[in-house]
Structures are given as C-alpha cells and as structure tokens.
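In order of appearance the chains are A, B, C and D, and numbering begins at 1 in each one.
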Amino acid sequence: MATLADYSPEVRAEVKQVREQVATLHEQLIKWNLVVWTAGNVSQRLRSADLMVIKPSGVRYDFLTPQSMVVTDLEGNVVDGLEAPSSDTASHAYIYRHMPNVYGVVHTHSTYATAWAATGKEIPCGLTMMGDEFGGPVPVGPFELIGSEQIGKGVVETLERYPHSPAVLMRNHGPFTIGKDAEDAVKAAAMTEEVAHTMWAASQLGKIIELDPDDIDKLNDRYQNVYGQH
Amino acid sequence: MATLADYSPEVRAEVKQVREQVATLHEQLIKWNLVVWTAGNVSQRLRSADLMVIKPSGVRYDFLTPQSMVVTDLEGNVVDGLEAPSSDTASHAYIYRHMPNVYGVVHTHSTYATAWAATGKEIPCGLTMMGDEFGGPVPVGPFELIGSEQIGKGVVETLERYPHSPAVLMRNHGPFTIGKDAEDAVKAAAMTEEVAHTMWAASQLGKIIELDPDDIDKLNDRYQNVYGQH
Amino acid sequence: MATLADYSPEVRAEVKQVREQVATLHEQLIKWNLVVWTAGNVSQRLRSADLMVIKPSGVRYDFLTPQSMVVTDLEGNVVDGLEAPSSDTASHAYIYRHMPNVYGVVHTHSTYATAWAATGKEIPCGLTMMGDEFGGPVPVGPFELIGSEQIGKGVVETLERYPHSPAVLMRNHGPFTIGKDAEDAVKAAAMTEEVAHTMWAASQLGKIIELDPDDIDKLNDRYQNVYGQH
Amino acid sequence: MATLADYSPEVRAEVKQVREQVATLHEQLIKWNLVVWTAGNVSQRLRSADLMVIKPSGVRYDFLTPQSMVVTDLEGNVVDGLEAPSSDTASHAYIYRHMPNVYGVVHTHSTYATAWAATGKEIPCGLTMMGDEFGGPVPVGPFELIGSEQIGKGVVETLERYPHSPAVLMRNHGPFTIGKDAEDAVKAAAMTEEVAHTMWAASQLGKIIELDPDDIDKLNDRYQNVYGQH
C-alpha cells in the first residue's frame, strides 16, 4: 500500500494545504446550520495526484484539525491519516472517478433538504436563486444503503439527467453536492438548504408559481458566465 | 470615465465614511439571518455627489472590507473599486434616480419573505408592527430577470402604489427595501423578514385577523412621527 | 417635576443597580431570539421608591447602556434620562400601579407568540412545561392601539381571569410578561416563545392532546412551590 | 447520610472529573438549541461507585459551574452539593438502577421533539439517520407528573419495547435520552431534535416514505458496529 512518503514534495505540499482547507470548511457547515454533531462531511480532490482529503469518521466538529483529515486514493484506500475515513468515502471517490471536473464533494443531512428527501419529491424551481444556482429543480436520487459506493453511483447517475444542478437529494437520506473545489461544494450545500427551506415554506402558503423554463435558462446562463469576479 | 480623483476632498471623505458604513452593515444581514453566503447586498447614496457605494459581486461576507466596496455613479458606472459591483447595481441606481428621498437600498433572499414572493401573495397586515413599519400589507412586485435595471423599475412602480411601505417582495425572487440611509434600509429588511415569518406562522394556525385600515393609519402616523428619539 | 436629585442616596443607589440589570437583560432578549432590531422592552420597578427603569425608545440593542435607561415615576413621567422612554411606558406603569406584586415587565414581538396573537387564539395547554409556568393556556388580550396605557389595562384585565399566567398575548400585537423582577419577566418571555413555537409545531402534526385540568393544577402547584433553590 | 468524605480518593477523583464533564455538556444543550433558560438536565453515573452527578434545580445555564453540580446516590439522595438537585433526579436514578449499561441520561424540552410528544405520535422512521441512530421510529412514553420516579419508570418500560432507541418522547412533556456516558446521551438528544424537526417538516410536504424494516436493521447494525473510530 502506498504511503504519503511515496509521493513527490509537490503532492505532499498540496496535501498539507488541502487538509487545512477541508478542516476549515467544516466550520462553514456549522455556521450555516447544515450539520448536527458529526453528521456531515467535506472532501477535496487534489490537483497534483489522484488523491483526496476527507473528514475522519464520527469525530465531533470541535475536535477536527487539519492533521485529523484523512488522505485516500480515488478508490478510497487510506494513504495517510491516524483516523478511519468517513463512511461515505467510497461514494466521494466514485464521484471523483466519474466526474473529472469535480474537485469538491459535500454531504450533509441539513433539515429542510432532508425533509424533501424523505418524501421523494424534488424541490420545484420557484426562485431566481434556483435558476441561478441549480438551473431548475433540485433532483432526488435513489435510496441506497450507507457504506458502499452505491450512493456515489446514485449521485452521478442523477446528475447526468440534471447537468446544471450541483446537488442531489438522496432519497430518505440527505443532500450531496459537488463543486470545482470543496468551498464551491460547501456553498452549494448552503444554497441547497436555503432553497429547500424557502420552497418548503412557500409550499405551506398555497400554490407556488414555478419559473418558465426559458427564464430559468437565461438566469442560469448569466449566473454561471457573468456573475462574480472574472 | 470619471475617477474618484476627479471629485472634491469633501466627496472623497464621504466615500471613505460610507464605505465603512456599508461594509459594516453587511454584518447586520448575517446577524439577523437575512442572507446565506454572498446572496444579498447593501448600498448607500452619497449626500455630497451623485454617487453610491455598493457591495462587490459574489464576494463572501467574511472577506468584505471597506476598501472592497465599489463606488459607482447613479447610472451604475464604476468610479472607484478593485472589484466588479453587485449584479443588482443597475437596479439600485434606478431606485436612487427615481426616488430622491431614498439614500439606502438593501436586497436579500431572506427565507420567509422570499417564500411569500414565490407564491406571488402579499403579506396581509395582521400586526401592529406592520401598521407601524409598513402602513399596510407588504406588496409584491413583478417578476423580472436579473442584471438590468428592470428590477429597480419594478420596485419603484410598486412603491408608488404602496407609499408607506419600505419593502417590495419581487415575485419569485426576494425583498428589496429602501430607507433614508443604508442602516434604515437594513432595518426594513430585518423587519420584513420578521413580519414575513410571523404572518407565515399565523397563516398555518387558521384565519388571520387583519387590522382595520383606520387603525393601520393611526399606527403608521404615530410611528413615523412620534416614535424614537426626536 | 421631580428629578433624581430629589431622591435619597438609597434610591439613587437602587436606580444605578437596576439600570445595570435592565440594560443587561436586553441581551437576553437577543440571546433567546425574542426581538429584532429595537422591537422589545424591559422594565423593573424599584423597591425603594415608586419609580421604574425602562428602555429608551427606538435605540438599537448594540447601543443600549445602563446610563441610556430611562427612570420614570409610576405615571410614566421621566425623572432621569437623556433619551425618551419606550412608547410602551404608560402601559408598563399601568401594570405596576395595578399589580402590586409585579416588579418586572417585558414586551416582545417574538415570532411564534405573535403568530398566535395574529389569529386571536390562546395557546392550548398541551405541555407539562405550560402547566408549570402558565398554569393553563396562554391567554389572548384585547386589540389596542400603541402609545396610551390601554395596553397595560388590557394586560391587567386579562391576567385577572388567568391568575396563574405570567403572560398575555395582546391580539395582533405580541406578548407582555410579568414577574417578581425584570429577570423573572424575561424568563417568562423566553418560555412564552418556546411554548408558542412548540404548540404551533404540534398543531401542524394533528390533534394536540390537552392536559387534564387536575394535572395542570398539580404541576403548577409543585413548580411554583417546590422547584428551584429555596 | 453518607457524605463524599466517606468515599475513597479514587471515587472523589472521578466525582471531580465527572462534575467538569457534566457542567461542560450543558453548553452543548445550548449550542444545539435544545433548551431555553433552565429547562433541561444532564447526568452521568460514576464507574467507581453507585453515585451520579446531575444539574442543580432551576439554575440559569450561565451560572452552571462544575462545583454547582450535585452528587447523589442511585436513590437520588444528595451526597455532595450546595444546591438542590434537578427535580428529575428520581427519574434519572430509576433509569440507572434498571438499565445497568446506561451511564448518561439527558432530558430536554427541545421544540420539535416536544411537539411530537404533545400529539402522542411517535416519529416515523423515514431517514437513514434514524435507522442508524434509533433503529426505527422514536417511541412515545406515557404521560407522568413531574417530581417522582414515575417518569424514569416510563422511560425504562418504553425502551424495553424499543431496544435500539436511545430516546423516548414522554407524552406532553419532552424527550429523555440515554447513552454509555453523558456525552453519548447529549448526542442522542441532539439527534432526536434533528430527526424530529426533519420528519416534522417532511410531514408538512405530503406523504413520508417510511424505510423498509430490513433496511433499518442493516443500517442500525452497520452504524452501531462499524461507524466511527474503533
């Protein structure tokens, strides 16, 4: 089995940096109320090698440090780390192997996103923010047991049908989000919970006005290509 | 194109002060749970020149500093700043050009206000706090795509019909609020979310008792003319 | 008009102490999410003179200091203070004049308590915590305009019919709570919002099981006479 | 009556350590929004003697210190402490006497768990997280008055019928949770509120998809035997 010592100094430097980033991003999960206790995880794929950095399994957020983050290869085998990796490691690895532009994956059980998941209903697109971020409804993926790569397979297959969405609500489970790095996937997790909460509240008031598909496309195109600092 | 160096020392001093105020007020959006990640913006018009200060586009709240705030003219052209201005800049500028007493504008996607917006329903006036602050229901404005001044036009036209309200719920989008300065508009954003949440919860319990229009007028008159420190 | 200099050193010492207590207790309103911006107020009656200390009108919580707290007599006339007192001052004073065991009054617009108030429905007693703290349902008081002592009169008349409750939901307005001092009234305000939220959520699940009146009496008697440190 | 001085240095050392742990864990109840004011309590049984450490009655969380924690025997008699113990002491003691593997007990009135309790409905199992943590629905226990060991008896009898659940929703009252130590029981309290909130929200969207009992068993078995650091 490979160890970190087998990798170049460049890779080891990126591992150090990504461990700090991934550890710090878990604080954002707490800040935006996306997780309770240990129930959520962030990973980031490296640029310099086929490796990823992921949260250890079942460790309280107060005790997460860069050094406690686990390094695995893209089959989920541990390359460096004192702790066992997240029980979702095989699914994160599956996503990275099958979606070459994805370098960040986040999983939470955030309250309202998970509520939609428990009913198997996708979140209808009734907000300009959803047009921007998701390019349509937030889709539901299949029910899968935890511990194998089946969840990752369900995420990938669902996103093939919803190519503009960075999020899948795994049925009876919770949201998985992707991004161009871990921070981008954390942002998608925060936005998923926000639109899940807002559309949930709207659904209690009466009939939601869904956006016209043409308007959704215009919003999504502008947001993905114009918004932000370029 | 004008630059800040073309303006008088008095204007440059006000720019410095307003940049600090606008940057600081974004913390209040977080404090009162009105925004997630980068989704919201505050601007303030200057007293000493036809300029405004607005949040940069797509920058995380943790990284907002006074210097990162962008200065534009009232057509939305950048006069000073290292970052691109908010994608809502043209709409803020439209509001300042057409409402000469308005010196602060805020836009959020706060959860419950946006839920009402997703159904196209105005918030009925069932609270003395609404009589005080809004002088009646909180109105809904038209659906508009993001990026042009159309949103600002929708805000202005809606407020012409609801002259006591400092807030408009833009349909399928979220609230815009105005004030005599940016702090006043931030307060209106916080109150909009609070009454949206309260009236949403009331609507789930059964029939809301709406206030008598005469009582609303009395509340609004007292609040706008007597309340606070004079 | 009397000024603080007309009072004995003992009274002036109590004023100083109570100003600190009342200023500090406003932080608890924020901590327990009972108020937004300036929308809430705490007062405490003095033991050593017929005076009370109350929040100034329309001042942001960040800027409340002991010295900004206003001292009035029990008719609401200002005896000491640089700011105008809360617009609810006449109602606080009315309560103190008519309820001689009450030395603390709190008013908030906390979200779920105010939602019940907007429908005119009392909160049914379905929790042991309600038996403990309220001795039954949380009652609704009449609708009254703001600014006179009419609200205080409505609070007193409602509590005559609900002698075990420290809280009244003023219709279309929000909760007023009383206590043996300001801290006790703040606690009642926090418990009012908590039971309002819980019973609101329960009402959405289906039929609430209301407590038997005999059990409510047993809970209330034990809690008021045995609980806590004696 | 025994006092702490009658116990060995080993026991007194464990008392000191457990007092610190129990005091610190009350902060977690606040952090995860499980309690308001003084309404909740944590206890832990000692390993070195038939003693437990529990919160004092009716003391505000800001003022809880290790030294204020009360030491009692497993009949609830005070062995050391300056304050009266929690009014739920007899029930905590009952649980420890009848469940020899339990070394931590927590009681809260957390909002959504208590809402389910007010309707007498168990929380249906529609989440993988519930399969993991609870092995099925979260059960409801009987209505009992406060102050005797009857609540503890209701908890124990309910858990005999739901052997995988660490939580019971006492009807019209609130959740009690158990664990292998106090931290484990606090975690169960946090997870109980989270699944109560999520399943409550799901119930408002329409039909919940409940998990297949075989899948629940697989989830629970993996989680209890594989998850975390071993």
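In the analysis below, contacts are C-beta pairs under 8 Å (C-beta built on N, C-alpha and C of every residue); 3 or more make two chains touch, one makes a residue touch a chain.
Which chain is which protein? Per UniProt: A, B, C, D = L-ribulose-5-phosphate 4-epimerase.
In this text the structure is predicted, and so the values were computed from the model without any measurement.
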{"item": "Lowest number of touching-chain links that must be crossed from chain A to chain C", "value": "2"}
{"item": "Chain D against chain C, contact positions shared by both copies (same if over half, else different)", "value": "different"}
{"item": "Per Cα centroids, the chain farthest from chain C", "value": "A"}
{"item": "Centre distance in Å when chain B and chain D are each reduced to the mean of their C-alpha atoms", "value": "45"}
{"item": "Averaged-CA centre spacing for the pair chain B and chain A, given as whole angstrom", "value": "32"}
{"item": "Residue numbers of chain C (touch at least two other chains)", "value": "204"}
{"item": "Residues on chain B engaged by chain A in the complex (per definition of touch)", "value": "36-37, 39, 56-59, 83-84, 87, 109, 111-112, 114-116, 118-121, 143, 145-147, 171-174, 200, 203-204"}
{"item": "Footprint of chain D on chain C - complex, ascending", "value": "32, 126-129, 132, 187, 190-191, 193-194, 197-199, 201-202, 204-209, 211, 215, 218-219, 222-223, 226-230"}
